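Note that chain A is present in both complexes that follow, paired respectively with chain B and with chain C.
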Partner chain A sequence: MAQPYRYIGKATPRKDGLDIVTGESRFVDDLKFERLLHGVVVRSPHAHAMIKSIDSAGAKGLEGVRAVLTREDIPDFKYGNPRVFRLLDRKVRYVGDAVALIAAESEQIAREAAGLVAIDYHVLPAVFDDYEAMEPGAPQLYEEFPGNVLPLGDPFLGQKSMVEIRTGDVADGLSEADVIIAGKCGYDNLPNPMPMESPRVVASWGRGVEGRDCVTFWISNQAPYLMKVILGAILGANLDVRVFGGPCGGSFGSKLMSWQPMCYAALLSKNTGRPVKVVYSKEEHLGSFVLRPSSRLDIKVGMKKDGTVTAIAGDWLIGTGCYSQTTQAQVAVGCGEAMIALRCKNWSVKPKIVCTNRTASGIARGFGGQELKCALFPILSRGMEKLQIDPLDFMKKNFIKPGDGYLWRDAQWYDYRGISFTAMMDRGAEVFGWKQKWKGWLTPTSVEGAKRIGIGVGVHGNADVGEDVSEAYVRIDSNGSIVVHSCLQEHGTGQRSNGAKVVAEVLQTPLEWVSMTPADTMVNPFEFGPFGSRGTYVILGAIIRAAEDARSKLFEVAAPMLGCAASELDTADGYIWAKSAPKRRVRWQRALFQRTILGYGRFEPDYSLSNCLMSFVEVEVDTETGNLVLQRVVNATDVGQIIDPQGLAGQLCGCLGTAGIDSAIFEETILDSSTGRILNANMIDYKWRTSSEMPTIDNVVFQTPMPTHRFHAIGVGEIATAPGPSAVLMAASNAIGAWLDSYPVTPCKVLRALGKVGNAGNKQRAHTARKRGAGD
Partner chain B sequence: MSRENIESRNEPVAGEKLIELRVNSQVYVLRVGRGPGELDPAHTLAFTLRETLGLTGTKVSCDKGACGGCTVLREAEAVLSCMLLTIECGGKEITTIEGLKDAKTGALDPLQQSFIDHSAFQCGYCTPGMIMSSKALLTANPSPAEEEIKEALSGNFCRCISQYQVVEAVKAVSGKKG
Partner chain C sequence: MKTFDHYDAHSLDEALGLLANRCGKARINAGGTDLLGLLKDGVLPRYPELIVNIKTIPGLGYIEEDGERLRIGALARLCELAGSKLLRERYAVLCEAAGAVAGPQIRNVATVGGNLCQDVRCWYYRYPAHLGGTMECARKGRGPCFAIKGDNRYHAILGGRKCFAVCPSDLAVAFAALGGQMTIVSPRGERKIAVGDFYSPLGNGLADDEIVKEIDVAKAFGPGRQRFLKFTVRKPIDFAIVSVAAVTEEKNGVFANARIAIGGVAPGPFRAEKAEEKLIGKKPSEALAAEAAEAAVEGARPLSKNGWKIEVAKALITRVIGS
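Our next item is the complex of A and B:
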């Protein structure tokens, strides 16, 4: 089915590959600056407290310290949704909250100075559990949010945004059902996307090119242009904000929430007149940056014998920790994604966002949808079990098909214009061996002594593939070299190389002729960055249009030279000719004599398409030890057209880490529920998978041409993590013959489900679990 | 501080303590002290490589010996440069990712080329450490079995999950001279 392209679909080396393998890549911390200072944050040891006084004299007196800033020394910057969250406040709201900022000649001196800032706190009672936070008399985090409940809706998503899923009539739906399941489930283990490179930034406050005040940032996240917009909004209108995005050592969404470190560095730079670098230590990264939001569903589902879902009704509680920037948007997108995965006519799901005294929740791959579905599918499983429905059949039947539609993040209805994914799902099942291995609900595939094999399946789809606007220029210089102007930053997906690749394809040139501008907001047009699943359709879409525009403009110049209409021309390898007379050719250089061609491309949002990923997993559970081993994963997807096979394989294998499948097996953030301190905020205690523990992964990739894209492609990388966790829960339940309802499936939970251990050793956690309604 | 300044400081003044560090076949003489460009006894090898010598190819992620990102070679052995004090590294040849290319021809080490050919990275942050661990393995065992490759790389964190492609890249050059 693949098209005969010159580059598209073929493995081509990453443009930054040579730099990466030689150590020449310049990540933020590798850049050299004259007179650079190092900034650190003084953080609160208390989860909830009023700051009575701060004495920074000791810190200021330390040799090498250049600035100590507290709330009184800085403007009252606020951001977040709603915009009430202060950069430095009178009150601290989690262990690790920022209290003061220090700049010094070295990081060592700055950290030493941080220990010399004397802070007097009035400690307040704190609340860490989402349900307890809503109880009467619970500690209140913000005056603005009585009951610790945040407003829904995100103005960024348009006038109206999705604040609930409501269609049809759930009473009618429930009355049609053959079985009604009432259930609770949570995905609330708060895994951390944990990119290898922690958050970091350099800021330099000074005069810009025109003499106006200008602050320049060098960032390590994935969205320089978005950061320019956000920082512009925070810092005020009388200032130019310029952002450089170089190579980013992983983000997975999380580093989009970098306004605080950026402001810290900017203010310290303004105060000292020198560039300032802020680098979070790994402990700060794990303890004071963002986690996944928690998600708890309490719903009723109506289901028919044939797998039709007749109604879904109930409450969705989302924990955002101490503040929100994007949680409302995650709720809006998550609601839409639930509708894409489940063709149900009658919905009434009411989300509620609650804040607590713990680290903020933020963006992670799967943006809202993973959080919702990891709680939803285990409840649906109960209905499937009652009706003896194979989950693969259920997912095939219920995933969106042409002719269906859904409400998306802007609360608008979209008629689905995409393809059916059924054949791809069937092929995935065949490669996995689903038919042979599926023995029914709560039944292991095989048993050998204490070891039992179980299988599970999950599915995810996302209309973020066409999210937001993107713009690009493609410039052809007089010597024939091609420069793509895009604010696309490389964060691991290889999309910068793909940007060059699609341009070489449109203009039919060698790949080496095409280069990309640095992701510098000053020289590039509007482009928010590769988040959601927008890289392939949106960002490459704008670049492709810019290349096509450049191509037509080049033809207009060449047409008189060839004596025919521009529309009759063709080009390859720097020559232009009329299709009717290919022998008479004009070289690009002739057409480009003393001339630059500039093509412009713009992508308008399109939410009428979805991608799809189905993950099949096979686990082995030891009923003696409770240990779970992930043995095999099959990811099945249809990408329309592969752009780069190796890049795609890398993205799909990413299903394990970055708070993905492993968040169902061992990844979790463990909170000391008496102090609010994270107990495993380091890379030894926060578990991650090593190369000797990798399961077999097979990726089944279909290429059914998508109707919309110049090369018929659609992005899928972001959602690689999303279908897996609930599939693991299903597989583990089938293996041991008892329901597991809580993530991650630790040995203790397995043994408890088997009745082999009681709750005695784990009183606190059992207590918390009961409160949360997670039946573990 | 420029490389020349560091190198030229090889005539000890009375009472001065100097450490001779050999990195990528170059000799650096560092004065022990607390001033700029000097070697503080508390400096880790990772810090010295990156901050004093400007060899930023070596990456620091956890700074606590957990992630393998800072792996370099001490003689032929893979070591975590964030866990070694520079003052203990005198007299031993240290090789970093910058030193893997052929010094004379500038040609890439076959392992580096294989990483490019297999796109054995996503964000690339773990890659220098991955390559150095692989290099140590191949030096000790030029034809490792797949399990041996995985074992040798099990101390190298990669959050993007590029390990599958890394193993393929290492396999492709194993059994060959390099």
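Our next item is the complex of A and C:
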């Protein structure tokens, strides 16, 4: 449905585009500071140990070292959910856990000094497997969490949070079913969200303008205001926290868990009286930062011949590593997302979060729902196969439609007020050629020698498109230039340019008239940050309201000049006129003489809408080598109204990496089961797709107006990674004619599924597979 | 990375003198694509005090035929091998192997000598120092081989002993199939060693004071076929999980000569002599190729998680011979 928009839906240049391609953008590492020190972390070699003593004399004696801080030198900062994880503790809980902090004149000196800190440990037994962690006698990570089980619920979500999926009566539901599948499946290969730029920060602790202590952070993140809230809570109330969010080389959610490097830099700065930069190496990024949570399902599903799901009941185990910051929230959102994807009257899914001796899990695109559904869909596939149901028909039938509802993260029931996505799914299938290619379950689309083609499909939807609060000001200066006050940091999606774009559309000005404030918490109102595809509806929603408010205020000033009511006015290109007499115009500058207009916009959460993305994948599997090649992806979605076509295409094509589709193909974190070390903490052994191996990606984008903001758009970026992994598992299973139910689909697993590699000589592997309960 | 001295050598003698003077505390550097990573990660048990740059030594980058032999200077870059007309026409397996290494940026600086002498990719051996400290293992002179009980999905299925890391060099496999030999110089003079004999489970055969000067290959026999196949998870960048180089010659419709080397499965390139024997005197066919493949991996003893590499090796050999 074409709207007569001036900018919306049209390709417009990104405001930061020229700076990025010419290298002018100032990322954290490009910022210049006088007397800057470099901070590094001394990390534990043990997965679980008590620190008996630390001798830092050697490190302190090295020329150029300005501070060596241990637990005793710093305040007892704690964070996490629950708030028990210490910045520096007497106990280390994973290989790479922080033991001491060093600031020196150069990173090289600091790293060398790190090697000179002598630490005496009392090594404790460690546990790495989520199931083993819950067994009696397992090593205990925290006194507070007997059995290594963390409480559910997240105060960030409000007074209540979703701690299980429970509706109807599963016994009734199972009794109605034509087939009952009992199955186990894990999505537990711990892929890394992997922003290109590793975590980094500069902190400067000093006296603020009014004499209060003040710490200023320059961050590479996606949520400066939220970081201010988090850091304020950790660092204490008697301190001003100011955060600058500059351009960010990707986050994919993960960098919201940056309180540790930020506090390291802040404390080193406080101690030395100088600004301190902490930059994680790629190895630290991969080996001591955020992984996707592991997810293991053990459930029963009832299904009818027509594809109706009558009941889903069982246990969902989520592994969070050494602590949780957001895992409870991911569980809450994941539960809701399962209900959006599957209409089912009878649910009883009980989540449990367990901690183990590895680096922490946290935010990654797909936030809980990807984790749950990547384990759920392969189990559902078994039921569909038994009943000979085409998975496309199943997903079309069961994805949420008007008249349905779901429990969301706050455990409240929401009646869905969005649209049906069925026509969009049909069009996606047509572009992909699903009908021609689908030959039935466990049947390849085609066979040529050892190479077999298989297809699969997945779907995802998320009601976080309307989550949390955003605020913005739109300021019109006396010269007519427009400034948008938003604490939106550019993390790669182009959303800051879209902020300016919607304001230019509302006020009908040239794009160049509109600029954004830097993402500085001192000058901007509250902004939760771009998470959960909320940018389009929530962040832009607040900015649009602020622009509309500014427009109204401008009209109120101009109305007497034109001798009519403000409501009768219109504006474009810096002129205002009455709609009834468009020839008589007043220039903005006249209305703005010695005046600034300030519009305010606020968005209150709305969980009654969902986005939707369906991904179709085609893979080629070599039955002799076990190799899998992703040949083609078709993503189908409905975004209501395209705001930024290139940005949208970028988000949809981002379905592959960053713990997305490739988490079913080769992305995984390999944890050594005896030492707890991450063995592939580098970009050769962590298999990350290179740009020279891109499959064909086609995107089908519908524009059915959504009941959101003025432009009826909805965000979809965050979920681009979510439908693909289970689709790949389905496609690979169909290609080889045998079930694959473990991520990623490595050559070894393919050859084993084909019976070409026995368990002889692979005993350990077989043991693990049994524990994970692969198969039904 | 720690501080070290850096010296540009202008002759082999000068470089050898510097190595000898530092008694094992100096390392030579050519393309640097392997050494710098090792230094950055603090992996080496002995951190060098001196880096001797040998790129500045003139006249070691040749690729030429000389009488009965092909001679390649140790400083010839991989991009030069991959693009060499001479190699493409007469030693295609070298061309293909060089072109299969990493990506263009690496091939533009990496050298033949460096490719043959690069360190293993074992993830226990390479575990970075700043992430909790390196892992002391058998290859470093103390400790166990962690791969035996650990995650050995990419480790050796043949010939491992004490250490189960595999030789990561693609060129070593091609040279082994061609019967190439290395000329190694030291203050004691020159010695020659077959590329296939250069590697042992605990390291290659280069002493602290030695430098590889040249690799030479007997002129390829008759109008034969040469092929190199490499199996990786990702096409570019990755090291071989398994690779195969085959040099065969047919006369009167039967195999007259065959030399097959397998990479990624053993501490060095593994010469599949049993497979070669199967082929000689027989007519090429897919069944014969499969038979040779079975023979090639006879005696393979996989660890707990790498049995699948046998299947991959068989598939590659079948394809190399059968196609």
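The criterion applied here is as follows: the second predicted complex is superposed on the first by the 771 of 776 C-alpha atoms of A that agree within 3 Å, B and C clash if a C-alpha of one lies under 4 Å from a C-alpha of the other, contacts with A are read in each partner's own complex, and residues count from 1 in each chain.
Everything below uses one rule, namely that a residue touches a chain if its C-beta (ideal position, glycine included) is under 8 Å from a C-beta of that chain, and two chains touch if they have at least 3 such contacts.
Just so we're clear, the structure is a prediction, and the values are computed from it rather than from any experiment.
Contacts of A:K91 after superposition on the shared chain: neither chain B nor chain C is touched.
Of the two partner chains placed by superposition, only chain C is touched by A:E624; chain B is not.
In the superposed model, A:G650 makes contact with chain B only, not with chain C. Once chain A of one complex is fitted onto chain A of the other, the partner contacts of A:R6 are absent, as it touches neither chain B nor chain C.
Of the two partner chains, chain C is the only one that A:R752 touches; chain B does not reach it.
By the document's definition of touching, neither partner reaches A:K60: not chain B, not chain C. Of the two partner chains, chain B and chain C are each touched by A:S692.
In the superposition on chain A, A:N682 makes contact with both chain B and chain C. When the two structures are aligned on the shared chain, A:K386 is found in touch with neither chain B nor chain C. In the superposition on the C-alpha atoms of chain A, the part of chain A touched by chain B in one complex and by chain C in the other spans residues 108, 281, 682, 684, 690, 692-693. Listed in rising order, the residues of chain A touching chain C in the complex are 40, 43-46, 95-96, 108, 111-112, 114-115, 281, 283-284, 287-288, 450, 622, 624-627, 666, 670, 672-675, 677-682, 684-685, 687, 689-690, 692-693, 746-748, 751-752, 756-758, 760-765.
Residue ranges of chain B in contact with chain A, taken from their complex: 42, 50, 54-64, 66-67, 69, 96-98, 100-101, 108, 112-113, 115-119, 121-128, 131, 147, 150-151, 153-167.
On the side of chain A, the complex with chain B involves touching residues 11, 13-14, 16-27, 29-30, 32, 108, 193-198, 247-250, 252, 281-282, 490-494, 644, 646-647, 649-651, 653-658, 682-684, 688, 690-694, 697. Chain C contributes residues 1-3, 41-42, 103, 121, 123-124, 126-133, 135, 146, 149-151, 153, 231, 233-239, 241, 302-305, 307-308, 310-312, 314-316, 318 to its touches with chain A in the complex.
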